[in-house]
Amino acid sequence: MSAEAHVLLIDCPDQIGLVYSITSILYRHALNILKNDEFVDRHANHFFMRTEFSGNIDTTELLNELHTQMPPEANIVLNPRKRKDIVLLVTKEHHCLGDLLLRYAYDELDANILAVISNHNVLQPLVAKFGIPFHYISHEHRTRPEHEEAIHKALAIYQPEFLVLAKYMRVLTPEFVAHYPNKIINIHHSFLPAFIGANPYRQAFDRGVKIIGATAHFVNNNLDEGPIIHQDTIPVTHRLSSDEMARAGKDGEKIVLARALKLVFQDRIFIHKNKTIIF
Amino acid sequence: MSAEAHVLLIDCPDQIGLVYSITSILYRHALNILKNDEFVDRHANHFFMRTEFSGNIDTTELLNELHTQMPPEANIVLNPRKRKDIVLLVTKEHHCLGDLLLRYAYDELDANILAVISNHNVLQPLVAKFGIPFHYISHEHRTRPEHEEAIHKALAIYQPEFLVLAKYMRVLTPEFVAHYPNKIINIHHSFLPAFIGANPYRQAFDRGVKIIGATAHFVNNNLDEGPIIHQDTIPVTHRLSSDEMARAGKDGEKIVLARALKLVFQDRIFIHKNKTIIF
Amino acid sequence: MSAEAHVLLIDCPDQIGLVYSITSILYRHALNILKNDEFVDRHANHFFMRTEFSGNIDTTELLNELHTQMPPEANIVLNPRKRKDIVLLVTKEHHCLGDLLLRYAYDELDANILAVISNHNVLQPLVAKFGIPFHYISHEHRTRPEHEEAIHKALAIYQPEFLVLAKYMRVLTPEFVAHYPNKIINIHHSFLPAFIGANPYRQAFDRGVKIIGATAHFVNNNLDEGPIIHQDTIPVTHRLSSDEMARAGKDGEKIVLARALKLVFQDRIFIHKNKTIIF
Amino acid sequence: MSAEAHVLLIDCPDQIGLVYSITSILYRHALNILKNDEFVDRHANHFFMRTEFSGNIDTTELLNELHTQMPPEANIVLNPRKRKDIVLLVTKEHHCLGDLLLRYAYDELDANILAVISNHNVLQPLVAKFGIPFHYISHEHRTRPEHEEAIHKALAIYQPEFLVLAKYMRVLTPEFVAHYPNKIINIHHSFLPAFIGANPYRQAFDRGVKIIGATAHFVNNNLDEGPIIHQDTIPVTHRLSSDEMARAGKDGEKIVLARALKLVFQDRIFIHKNKTIIF
């Protein structure tokens, strides 16, 4: 039996009576609904419901009951509300990493940073300030599979629930990504799908855009094409050089990533057909 | 019996089982929920639920059943989804009026503009282009009560469900407002509560602010203090004169008003203790 | 001799003393500088200066003097501050057209709308309300060159300084565009370079983006790739269908286009290597 | 003689020929203008010009020459482009402090943080991570003048050019402020002039606003009424509690403060009649 707060996530093809069925089960268990959100995607005819509740539950029994009442295709997830265990992957840029370390130090991250892994060692002193293990796993003198295997081994020690690419500047192979389905979050320094790929600020400068942006997304097999979690933009003018755009963009990147992680770690996101439904 | 789509708005002090009770009634009536939103204000311990549904209903019977199941203090409103009847009040500025007339001409307003009333006649030619009755009711040579009485009489012909102050630049008396509780929407040309009162752009210029804004709100007894529906801001610099700020602000005003009206006319707003809950 | 206000636009490769040279000429002519802006693109090593001034000038003499003092590669433009003559091209959507007609009716456009040309006739009644010539030039039963030739002939009557594509939904050929170099402004319903081409809201919906946008740009040979003038974005969520995104985006489109046109018509834009420098 | 880059700031009542006079002096000294901006406030009839240049100068001689050519009321400031010396004042909140420490650690602040002073000791461990002196000067058991005198003494050691109130939650007396005219920058957690004074998020929550904001400003005698440097806003909904608004607002606060400091430390701001002119 567990009396802590829980988050229930259910999605399935839409039909009449779903909210009634689910809330009747919660009502019979005398659970106190703290927050409830539903959405029906009319285009896909798919139902999504997220419920935060408190009260004494037997998790197995509640899940069984829900599975009995819901359509067989339903995805049902029941998570205790607790901080997630995560590992950060970084390269050389400090702005997202530093921002996340500060939030973690003051318990504002809804997550435990178990370790930081980097293919360079320049960020080691920053991580050390916060007393967190830092693994320097260089990609030099290693094939890509060897490098990813080394990272994979380091991760095995920590068993993180999520990997956060906080400006990790190497492409991950589909094989690596497949180990962590919907568990890797990346920050891309453009408003996707504009400027996919390398050096988006340079691309933005060359195109003469009047807005730049940042996108946090889940990572899937196709680089920069996973489900988008959060995006924001910053107005720019001709006065900014490519480097100045990059500097201006960094503030956007760190805020967009932090906001997206909050949504992920609070179990507020459904992923459905490469899109996110966020409550 | 009515088979059209309806919107059900219920708010009451929070207690366990409200969503279950409401959805069980809708389920028994075999109604198809198109959209459902709930919110519990933890601070006020108050529950809000808005449901859009389709299906055959006997309105009286459904309301009776809901009143029986809900706590006695519950506010229950059941509206067919249909365009609202409205009258616009204006003075001399055309930007909000013109924008609303265009939206109405192309059926994008969720409302019927029955008439436009003004204390000046300069906007008559614009209104005439769209074939809508224009009432010029000058405030000159009339006391304030006489003027408002004349407006009140003109309104009596149309029996509008909402009055929209689309840059109506005269203060309404509490007596007038009392005739239309929560039925008058105003656009104020600042991000309230900054720059309450007259000439907010001049005030903004004098204060040297770096953002200006607009606020759409319901009108209550205290000028500029009614429940806020929607707000937006625009960045400005020292380069703008007070007049240029006013011009730049007009685009914000018309968009903010149009967006707020959409929310009102689609029955998406609860008013509770001088605040809005918007789904 | 002309005593009206003028705008002087000069750009050339950067060198020491350019501001001094230009202002010394203006000073000798006893001209009163109302507004002065310079920018040096360090990347391209190119100088841009825009000056608004008042005072009695002999245009030819002043231009001669400037050409003598400036480097031979300098582009020098001297325009009286006056409203531009323009023609609008539209298809079926009314939101940008209606917004521009309203601004024109109240002299807020810095331009004279000489005529509206459309490949459909649905917007004729709206244009008629404002007493502006409407040319219905259908693309049916005409080859593309024939259709463009018909438009070209209609334009010849008006000799407009700028063409505004206010949701004109046909691609213009390079041959047509070549007649109006840097004189055609288009509004594209996405934040370019995202979602180039047809149906950007559908593309945005399918990609699951969290922001949509609009881009006003000059038209060159490559569709959607001309110099960007102004862009803005609007946050969206999973709750919006593709059609709702399109509706939400329209407010952005009309404001972005109007803002861009103001910049163009006030001679505030330099075009240099497919980018805009805007003062 | 100095060959480093300099910033020249000149403001005075407007008259014909000012740009010409100033640029002719710079031209005679063979200085290379890197960036030049002017603005004339037509309302106040006041001229502002900021010039970044490189080249060998004798500062005293150049200033003398400028004073000879400019009107006697002109304010003329000539600063080498260099990092400013600053001291931070904080209380208990870490978000602005942490953000500035990180930027400083990676040389992105255009300033040297000489020390941090606080009336509480909770932030000492954070400051220690970055190896910067921390002065805990409690206000307990001290009168306000005694407390400010203690701070004043601590500051005397460092001789900072600017004081940054990075969430320093005590009101400074006019006597204290008078020691640092136009040298104290504060971050206020609302979009001023809305919600002046204590607990602005609580005020915003109670008013039911749909936007919250942050304002960075110079501190003068009247609390929250000094010249505004930068402001930004964040949209909020009824779903946020007062505490959640405060949390959401913190990201805005730290970015607004950092952006404002960049402008201050790069000598990009004129203060004129309680307003800022920013290039």
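Per-chain numbering from 1; labels A, B, C and D assigned in written order.
In this section, a contact is a pair of C-beta atoms (placed from the backbone, for glycine too) under 8 Å apart; a residue touches a chain by one contact, two chains touch by 3 or more.
Here the structure is a predicted model, which is why all the values come from computation and not from measurement.
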Longest centre-to-centre distance from subunit D, chain (CA-based): B
Inter-chain centre distance, subunit B versus subunit D - centres from mean C-alpha coordinates, in Å: 41
Rounded Å distance, subunit C centre to subunit D centre (Cα mean): 38
Interface hub residues of subunit D, defined as touching at least two other chains: none
Contact graph of the chains (line, ring, star, complete, other): complete
Contacting residues of subunit D [partner subunit A, same complex]: 94-95, 98-99, 102, 105-106, 108, 126, 129-130, 247, 251, 255, 258-259
Subunit B residues touching subunit D - in the complex, by the definition given at the top: 39, 41-43, 191-195, 207-211, 213, 227-233, 237-239, 241-242, 274-278
Residues of subunit A defined as touching subunit B within the complex: 16-17, 19-20, 23-24, 26-27, 30, 32-38, 40, 235
